[in-house]
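What follows is a single structure, written as structure tokens, with notes after it.
Labels run A, B, C and D following the written order; every chain starts at residue 1.
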Amino acid sequence: MKRIGILTSGGDAPGMNAAVRAVAGKAMAEGLEAYGINYGFAGLVAGDIHKIEPADLDGVIQRGGTMLYSARYPEFAHEEGQLKGIEQLKRFGIDALVVIGGDGSYHGALRLTEHGYNTVGLPGTIDNDIPYTDFTIGFDTAVNTNVDALDRIYDTAHSHDRTFVVEVMGRGAGDVALWAGVSIGATAIVVPEIDWDMEAIANKIKHNRANGHRSNLVVLAEGVMGADEFVKKLSEYGDFDARGNTIAHMQRGGHPTAKDRVLASKMGSYAVELLLQGKGGLAIGVQNNQLVSHDITDLFNSKHHAELTLDKLNNEISFY
Amino acid sequence: MKRIGILTSGGDAPGMNAAVRAVAGKAMAEGLEAYGINYGFAGLVAGDIHKIEPADLDGVIQRGGTMLYSARYPEFAHEEGQLKGIEQLKRFGIDALVVIGGDGSYHGALRLTEHGYNTVGLPGTIDNDIPYTDFTIGFDTAVNTNVDALDRIYDTAHSHDRTFVVEVMGRGAGDVALWAGVSIGATAIVVPEIDWDMEAIANKIKHNRANGHRSNLVVLAEGVMGADEFVKKLSEYGDFDARGNTIAHMQRGGHPTAKDRVLASKMGSYAVELLLQGKGGLAIGVQNNQLVSHDITDLFNSKHHAELTLDKLNNEISFY
Amino acid sequence: MKRIGILTSGGDAPGMNAAVRAVAGKAMAEGLEAYGINYGFAGLVAGDIHKIEPADLDGVIQRGGTMLYSARYPEFAHEEGQLKGIEQLKRFGIDALVVIGGDGSYHGALRLTEHGYNTVGLPGTIDNDIPYTDFTIGFDTAVNTNVDALDRIYDTAHSHDRTFVVEVMGRGAGDVALWAGVSIGATAIVVPEIDWDMEAIANKIKHNRANGHRSNLVVLAEGVMGADEFVKKLSEYGDFDARGNTIAHMQRGGHPTAKDRVLASKMGSYAVELLLQGKGGLAIGVQNNQLVSHDITDLFNSKHHAELTLDKLNNEISFY
Amino acid sequence: MKRIGILTSGGDAPGMNAAVRAVAGKAMAEGLEAYGINYGFAGLVAGDIHKIEPADLDGVIQRGGTMLYSARYPEFAHEEGQLKGIEQLKRFGIDALVVIGGDGSYHGALRLTEHGYNTVGLPGTIDNDIPYTDFTIGFDTAVNTNVDALDRIYDTAHSHDRTFVVEVMGRGAGDVALWAGVSIGATAIVVPEIDWDMEAIANKIKHNRANGHRSNLVVLAEGVMGADEFVKKLSEYGDFDARGNTIAHMQRGGHPTAKDRVLASKMGSYAVELLLQGKGGLAIGVQNNQLVSHDITDLFNSKHHAELTLDKLNNEISFY
């Protein structure tokens, strides 16, 4: 093995650059060359590929976004696209790959492995919605960005005795909302995985107001509904001077946190080790603080489980 | 004069606490007592008033929101409300007041002065929309909060070659958008005070894309229209993979910047000085780096002027 | 059990307030009263104790420092001090306690339990130097504060081709340095637990410079030596335009990160559960993502182990 | 005029990149080419010069440090160095220059102008120590970085009733200390421009402690003495549990604030305008909110004046 290719795919996540750096840095330290593939599988097919030079990695560990850009490219599901990609790998002499992205990108990783190009997947997404890993690269940063926003919103909520419904990302998963919600001591955390009841939420707000806590923050996962829709429905149960806020895409950017940088560094290094051992078709994760790898096919038959007890915890400690 | 009352009114703004502290600290240093009036004019009428003790001011200079809470209270426009407020001032022995808030709160300040209670107004609002002052307390913090959000959004825009339309606050004024827009090197800054043309904006995006700058950020003042509406109209002129984001209420909170703390400190101290000189019915401002005071009535006949040349500047340096 | 006492002891750590809130919030939810003891064991002996009211907990989850203050109080090692403390517990009707602090404070917790007052210890320290827990409350925030500082120092190091030796806290433990070092891609991480060699570090800097990476950051644990002393010794091996920086006490403050808030919330709730089960003399930890509790005596016979493989990881991915 | 050269000189400052971008962006918009000169005057003499391409300016407005690097180069004081620089300007066809840096760099700017290459200087330094400008590029960011550090230190000072002496940058000027000191409500601000008295400072601390404010922060300009030396001398007047902290080089980095970005953008654009008018030997400043330019020679005969009334203000509002 002489050349490792690296690409980022799907929605960008803070820490992707730290992962790219770890893969490329480890590869170079092992005497390999690292090649960056821009715009994910689209760039692979188009041959938008370049050698990563040492100076390219200066200062990238701290930068949000992805220096390799990203793009959706559903065409890679078809063999025609895959064969074009293989063509490019041959042209650039790339022997194996690391793919950083959501589980959508793992399909491509598996296909490349089946075509004889060992590929390892790293979980890079703020949504934390990937099976067989407790945490994905970017999740901790996105949560902290939300918590910073919630701290600010708390200031104004508290000054005005208002209720805010704050919608955070996570696609179909409630992880971002659960962590952010516990972190702000939310009146309610509303996620797709847990049944909820608008009247009960309204009653919690009333309870808080009755106990002198006149500001209330509800943290809402985007997978449930939009903030404004939620406010409208909530208002049927009382006048809470409620406002909807959507944190939106700022969750995707910014300097990654230490946790995301360390996680990305560990995973990137481990990916190269696996490739050096001649392995492919694997997805890397972290479980109970240990690096793990699983067959990508196992992930397709599995489901991510959010830490739902966080909602219970929040309910136990936030009403006084 | 023995007792100065302080209240915050209208939307809260970072730095209001620094202003409260400056007024109370200066008052105490001058041998006066400071009384906090909660919830603005509503609390004045209701008698929600307490003596500010030295320990109450510990650590507040850095805190967002307002420790005196705020509320809208249109009833204070009527003499009935005013007389009830006067009653409370008598009851608590308050001789003069400082009111921190938007220009809506200056009406109340003027009425109190007319009733014989000298009152000085401080411009506390993130919108910067008050005449006779270059800057209001909270504006600089709100701009920086937006710039931090825009920096993060830039990361994801750049990674995905996307266009973002980012809506910021400011009510009818474009100041927040102008400062934030220049700070991020926006493709376009859209404010109520300046005519604009959707086709021209679309052409700028096309120009940028043609020159290799595939990410584009449009900073939109809330006084123009909502982000999603803007995106919809923009999309009639081309496919820019555009998304709307609304920064919303997080702009109102957070630790104030140094500039806001220094401004609040200066203005708070100056307000007490004016009251000690037996003056009232005045609004404090900063113009060309100098503290100034104007008759509140002058403000009612005047209009705030945003620094519109910032848009021109942005256009001159952001297209290459 | 009717009343739970809470105190914070030793050096303050971000997240202590979140832990206090969780303990008090859970206690109130369980129908108990929560009493705050100011200034740690010193305040216990002095009777500086007050009932925590619901409104006292508003907004504290996000605040650095400790609302219960902290102090060193070696006198509590003697029975005389302990008996005075017991006296106060009786006077205030406190049945059980939660102590948040470093392992120094666990001695006091054990003594109180032996005197019949069940006490549970929570690991609150930025140093992460407590056995039987992977993470302490405050560690993640301190690391991120350092990483933010290192990102800034990187900017100037890179602009001037300089070497910086940056000293971070951790007392005798290298955890803060290891996490911060990996997060910035340090040229070297120097901690008390790992042998190191100044000449080898100088050679790494020379290697980096030869490969075009002219800025170099060395992250130094305070347990090894001071930054200036290190710079002086390093300079014997070459002219690296090196500067020493000491991050110092700012590591102790600031809004806690999401991870610290969630950890503090979990641990605080768990502490109350244990007390409700009639248990005491226990120290709470988190191991492999699970909450655990151990006899405090076990901690005294054990030693904290830093994640030393992080140094190996850093060496593997940072030289290219 | 066809080609403008840009260089950054002296200590780097946040916002330098925003200034480089504004100069280059404006130049390109005017149909000129922009050339970046690396490492200041050293790189000019060495011919370390490259054309700035549009893509080079993507995302730089938000980045700390200087993309053109910086270096000290006292040799440029001699005509020999200057003539070598001129040689390089000829070789690269550069007609005029913008120099961004401290007033040390203005000497070089003047010499180049005298040699027939119009050069305009922009004040880029965190120290704010340049005559004829109220603010320099980087000052606002450095102050805010210090204020963030002071907010964190406040948390731990308040938790432990401690006194902290916090040393900030500024070379011979007290501006950074004055702004940071007012922003944190310092017990004392100690700067080179104002006489001070250790006993009086000790008495202020005692006064605060007597009034229940047991935490005290002293903000110390580096031009006075080091923090540890100050603590030692202070301790002769009482036991204040005092610690010295030095913020050091992190003040030099980080994303620039909105104020610095807007200032850099205005000044960069104005510099190109002046060069287009055939002017040189000028230093740009901002006074009373207006852009100004002065002959560089005037600056050499003048002195920067810090806003010393800030110390008076702080004393008036911080003792209660």
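The criterion applied here is as follows: a residue touches a chain if its C-beta (ideal position, glycine included) is under 8 Å from a C-beta of that chain, and two chains touch if they have at least 3 such contacts.
These figures come from a predicted structure and were not determined experimentally.
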Chain of greatest Cα-centre distance to subunit B: C
Centre-of-Cα separation between subunit D and subunit C, whole angstrom: 35
Averaged-CA centre spacing for the pair subunit D and subunit A, given as whole angstrom: 38
Whole-Å separation of chain centres (CA-atom averages), subunit B against subunit D: 28
Multi-partner residues of subunit A (each touching 2 or more other chains): 148, 151, 154, 158
All chain pairs that touch each other: A-B, A-C, B-D, C-D
Footprint of subunit A on subunit C - complex, ascending: 21-22, 24-26, 28-29, 54-55, 57-59, 61-62, 134, 140, 143-144, 146-148, 151, 154, 158, 179-180, 182-185, 211-213, 215, 255, 257-259, 261-262, 265-266, 268-269, 288-290, 310, 313-314, 316-320
In the complex, subunit B residues that touch subunit A: 8, 11-12, 14, 63-66, 69-71, 145, 148-149, 151-161, 164, 243, 245-254
